[in-house]
Amino acid sequence: MTATLPTTDASPALRKLLDVSNIEVVYGGAILAVADVSLTINAGEIVALLGANGAGKSTVLKAISGLAAADRATVRRGHVHFDGETILGTPANRLTARGIVHVLEGRHVFAHLTVEENLLAAAFLHRPGHGELKRQLDDIYAWFPRLKDKRRTQAGLTSGGEQQMLAIGRALLTRPRLVLLDEPSMGLAPRIVQEIFEIIVRLNQEKGTAFLLAEQNAALSLAHAKRAYVLESGRVALEGSASELAARDDLHRIYLGYRA
Amino acid sequence: MKRLLLAVLLAGTVFSTATVTRAADVSQYIPLPTYRVGAYASSGELWWAGERDYFRYINEVEGGVEGVKLNYEEFETEWSPDRTVEVYERVKAGKDGSPLAFFFTHGTPATYALLEKAAADKIPLIDPAGGKTETVDGTVFPYAFPLLFSYYSQASTGINYIASKVGGFEKLKGLKIATVYHDSAYGRASQPAIDVLAKKYGFENIQIPVADPGNEQSPQWRQVREQKPDWVFLRTWGVSTVVAIKTAQRFGFPADHIIGDVWAGSESDVIPAGKAAIGYSALAPYPGGTDFDIHKRLKAEILDKGKSDLRDQKLFGAVNYNVGLVNAALAVEALRTGYKHFGARPLNGEEGRWAFEHLTIDDARLKQIGFEGLLQPIKITPTDHEGGGAARIQSWDGEKWVLKTDWIKADHDLLNPLIKEGAAAYAKEHGITPRTPDTETN
Amino acid sequence: MSEIDLRIAAPVNGVAGLRAAGLAAATILILAAPLLASEYWINAIIVPFLILSLAGLGLNLLTGYAGQLSLGAGAFMMVGAYATFSLQLRVPDLPLPLALVVSGLIAAAVGVAFGIPSTRIKGFYLIVSTLAAQFFFEWLFLKFPWFYDGNSSATISLPRGLTVFGLNAETPHGRYYLTLGAVALITLLSFNLVRSQTGRNWMAIRDMDTAAAVIGVPVTRAKLQAFAVSSFILGIAGALWAFAYLGSASVQSFGLSRSYQVLFIIIIGGLGTIRGAYLGAAFVSLLPLALDWLFQHLFSGHVDAGLLQNIQKGIFGLLIMWFLVREPEGLARLLGIRLTARRRLFPSSQN
Amino acid sequence: MSMFPETLIGGLLAGTMYSLVAIGFVLIYKASGVFNYAQGSILLFAALTFVSLTDQGVPALVAIAITIALLVLMAIAIEKLLLRPLTNRSPMTLFMATLGLSYLVEAVAQGIMGSQVRALDLGIDDLPVFVGDIMISQFDLIAAGVALALGIGLSLLFNRTRIGIQLRGVADDTRAALSLGIDINRIWQIVWAVAGIVGLVAGLLWGARQGVQFSLSLVVLKALPVLIIGGFTSIAGAIVGGLIVGAGESLAETYLGPFLGGGITPWFAYALALVFLFVRPAGLFGERQIERV
Amino acid sequence: MTTPTPPALEVKNVSLSFKGVKAIADLSFQVEAREICALIGPNGAGKSSLLNILNGVYVPDSGEIIFEGEHFRRMEPLEAARRGIGRGFQNNALFSGMSVVDNVITGLSRHSRLTLVEEMFRLPRARHEERRFRERAHEVLHLFGLDRHAATIVGTLPYGVQKKVELARAIVAEPRMVLLDEPLAGMNAAEKQEIAAVIARLNRELHLTIVLIEHDIGIVLELAHHVVVLDYGRKLADGPPETIRDNPDVIAAYLGTERAEIAA
């Protein structure tokens, strides 16, 4: 089932940041959501995780970030290593402190908190001093100028695009080395999606933050990612470099369902 | 763990009933439904201390009653009538070879709940200064004993005291007397008597209910302020007394014009009210204090020997402790009467009834047992299950209760017809033929 | 119990035979119980246990099956008790069993009235309605002498005692059989009901009320039916509690703590099961007795009595919490696991 | 006679006493989704601990410090032994667990500190104050002040402190909070401890008024309708709800009571809450949940 | 599929918003009787919200729904069911504590004519109805190959099986139209084919009008007679599957702008 493509630009100097091997995830002890998924992310890399709805993308992300437990899902088989250490079973909040942050599907901003309070709630993680805190906030506002304009607005009242930016900005304040980004384009106008993806790429280039993007919008993701994995029914169906995958017809089949 | 739990459950229920009978023992079994837990524990704790200390004194110092030891056992009820009923069912057959001579209900609602069962089982229910007022008529209620001070007597004594304060009964005419009462059967039990009294003396009768638990009473006392009564008769219970006294102060009603009822007159009713309670008086069929002979005996024989059930010895002589002493003494004297008649052996319910119906404690006897001034002279007959109907008045000076009067008697001539009428109605409704006691006194 | 039941479970003959034998043995034991148990056991343990089971059953239909949280079980029991009293007093020609049924219907009507808010209010906010019932009836039955026939003690007791069609049921055995009859009949009817369309509607509402509405379950009607049936049973349980157990009752017999007790019964016994009510009632009525006995024998005289009582109360609280942590679905589930584990031994009974 | 304004003002002030109890509920419900029936018992425990200490001659401030320390320990124990094992369980299970908890806390409080009613003198003499011919209770005035101060204090805590912001985050979206590294368990411990301290304040005020005794735990029954009117999740709601219940009860007992024979306060508040619920099913300040199917 | 009869369903200028955020904006389209109409579009496009409006779970801010010629400003859930609109849900809205067969029988609720007393005493009418309902439920279970799961508590079944139970429950009461929210989600390819075949049969043999939301476009194109594409609460395209497949807007919405450029 799994078709491996030769990764042309794989350089051995790259350090493996995340290593997921053969995980199986089950909800409520019965419903199999992920059957067998392996993937790796190198430091400072953008990797796309593609697949149709229900293919298991979100579950993979949750298994990595430790949030699976909160959904009563358990990883029944396989390992997840971060920085060479096993992280399965570590509570989500500890993983965040160690550098993995999960931006949930549907954004999940704190609706009753202002935009700035949303940012602060995340920034407190590393207990910065007052000056440091302000510097970090300003940094985020520099990345997302729209947020600065709305800093006093209740997050629940901002637009979908602003909420997505807030969710990403907020996540960055935990000073992550790896950001798990679930469906950043969901329900957003194409222009806004474009803007968000551009910021992601710049963040990656300038800060060296690695991203794992779970997306339905394949073309967009492939245009911005370096490598990609395609999930189908809880298994990796395809993997390879973004440019090669973008050129393949299989992808079209998985997405538009043409039968070859 | 689960198995252990089940085992405990099973064992507990089996063994709690299957008690082995030892015929050789001749102690009199006295079950005590108690409430050491829950909302009423503060008064309960002291009651049981008083009762237990006195029983222990009788057993250890006097060698029992006429040589018969008392075997008392507690059952927690949290003052719930149902749980008291359950205790009653558990103990009514007696224990260790001793039948049950009487059953202390320790609460008016429990007395109500057991009234008919106990009559059928022929077990006297003892509820001093409580119970159902009509049961004073022993011809209809042979097995109920609202000893000492019925709810009607309480109302009457209160009014008598007010009359003495204002300078005579004729001065009552035109006065306004408000009754602030706990809105329950207990709280309302005096109403018929007050109605009659108001008619007789011509005072205006204002009734103001306080809903349970009564921890906010501004509307009630605002009403008091509006109506400007001359006196307030306070028939509350538990926390509602404290709140009443404090709220009265806030609304500017003087504490020395409030007369509390029996169950609104203990230390726990006034101490939490602080300065607001200074000058507040209450009816005291059970006066507080340690100035009585029995306290000297108990101090020497029980407390100083470390045998008291009282956790905090500062509370020795508290009103509720003395309630326990008096109730225990009534039981002991009744048993003594019975043993003298039937012989020194545990009595059964019918014998217990006979004993209580022939209980007489006169001044001389009171002196002997050390209860002079603490307990009124009492004479129970088959037609009168109250037997006293008097109280002293005590007033709170901020530190302790000070006795203001000697025994003030209720107006029995006025109340008796009311009681007879109620009892007759009950008899008719339940198809009871009142007995003619003269023929069966044996 | 019925042909349909057999079809679902499709039990192997051996199991069915075993079951029938067990059932027969249980029936004989239950009917003969008065001959085996002491009067004390009947009066103070078995009769209240049966009545509490019935109350638990009533609340379980509402809370466990239809998913509507209620803290007003005591109120509906109270209504049943006072209605029975009134009927026996004012309609003397009505035999007691019929009076019980009519009282149940009155309680059901009251239940429907206080259930109306449930059509608009969900979850915890709903407790306000049932608590309002609780406090309102405590006030009403105490306030107006008509309800207790002007009796100075504000208590009610049956004017002609416990008589069933002219037979005196005032004896322990009479109480036992009266209670047992009522409990058995109502259990059977409830059992039928929860397996009927109405029962399914209730469970559907409990599990997912929006979906239930969308697939055509008449949600409002089903909720009100749940309130009606539950209150009907609670009303009869209340009347039995007052007259077959206590002998006479007042509003305190049905206070808020009674409501909690009934709620405990179904939570500990198991929400949404009929036998849960029995298991829970056994637990709640026997555990305090057992603790009491244990403490009397272990510590009596060594530890201050007040402290002892508090320790017992604390242990009761702890056990409740422990149970919820260990087995949130109650004793019925605990036993169920045991039973299914045993049934698996018969290979063809499950596939 | 200015009966009406006096009744109204008196009721409003008395209502703040209910708000004090309701605030403790709101904190816990908001942050941990638990409908904490044991709040009344915690209030009793706190007040009883304080009074027992001062009765032993411990200075008031030291007694408060010790009481708060105990409340914090209790919060930690509750979170570790009860909340954590019960995560993801139905709200009803959690509610029942707090009923069990209330038994335990009451038993511990009365078992250790005895059941005698104790006086608690906060040094506030409850003498009437007259504004024109309207009589106002000095004590209620102070209690209202305390409730207001507590409301302001808590809103400062929530809006200005780091813990407060994180706590509101947890209340809004537990999962997102977890994903941002917020230690939910610690937040729960803090919330329960703060609710305990709120309980202490309420317990002291109620205790000063009626003595420190078991019936303090019954004030939860007063707080329930307040919560339902104000919504389970809003401190402002708790305060406004308290005012409405206080004023409603007071006016009803005075003007409606005489027609119904009086003593209607226990159910009137619930009836009032029911009326409010019909208009707004999630309380005045609560938010309506959108059902996702 | 062109018929002279009026459309089974018409959605007219419907808008819906949550807390100020627009979920559906001025949406209009028609569903012909006896057709399979597929709603497609990215997550968050407002598809489920639309079904919820048709079922009466949500009340639209404006617009109206015309079902079989009758106009509704809003639909009540029970009214929708009475008029024969069935429904399957996105995240299994089964009654998890009940058995499979009980779940399905519950779908017949609106046909029950019994009183409580009949049910309590199992009077003949009650036995009769119960038997009828049970037979009907078993028929439908058989249709979906669920016979052996009939007595199983539904919460313990695998997801794919649960989806089938849901479908069975939606059609057991013989509705005239069913709304299915991702009936094939979470299934493997073989299961998808199986269910798609059942849906096609339901449409063909029972003449059911079907509105479904589905992401697997391959199946949609095979199954549907009519496709409505939603994006961001608006209608992006509406027409027979062949025209939808090559519509550049649709490709853009699904594959992203760049892909559209690549494809173009």
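Which chain is which? They are A, B, C, D and E, in the order written, and residues in each are numbered from 1.
Following the convention adopted for this analysis, a contact is a pair of C-beta atoms (placed from the backbone, for glycine too) under 8 Å apart; a residue touches a chain by one contact, two chains touch by 3 or more.
Fair warning: this is a prediction, and the values are worked out from it, not measured in the lab.
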Set of chains whose contacts include both chain D and chain B: C
Connectivity without chain D (remaining chains kept where they are): one piece
Longest centre-to-centre distance from chain E, chain (CA-based): B
Centroid comparison with chain A (C-alpha atoms), farthest chain: B
Chain A and chain E, separation of their C-alpha mean positions in angstrom: 32
Approximate Å spacing (C-alpha centroids) for the pair chain C, chain E: 41
Intercentroid distance (Cα basis), chain D paired with chain A, Å: 42
Residues within chain D bordering two or more other chains: 107, 110, 114-115, 261, 263-264, 266, 291, 293
Numbers and ranges of chain E residues touching at least 2 other chains: 57, 89, 93
Complex interface listing, chain B residues touching chain C: 2, 5, 8-13, 15-17, 34, 36-37, 41, 45, 48, 74-76, 80-82, 85-86, 89-90, 92-93, 108-109, 112-117, 120, 132-134, 183-185, 188-189, 192, 211, 309, 311, 422, 429-430
Chain E - residues contacting chain A, complex: 19-21, 42-45, 155-159, 182, 185-186, 188-189, 215-221, 232, 245, 251-252, 254-260, 262
Chain C partner contacts - residues on chain E that touch it in the complex: 55-57, 77-78, 80-82, 86-87, 89, 93-99, 101-103, 105-110, 112, 114, 116, 119-122, 126, 129-131, 133-134, 148, 150-151, 169-170, 173
Residues on chain C engaged by chain E in the complex (per definition of touch): 2, 4, 7-10, 189-190, 192-193, 196-201, 203-204, 206-208, 210-219, 225, 228-229, 272, 351
In the complex, chain A residues that touch chain D: 65, 67, 70, 72, 91-97, 101-104, 108-113, 117-118, 120-122, 124-125, 170-171, 174
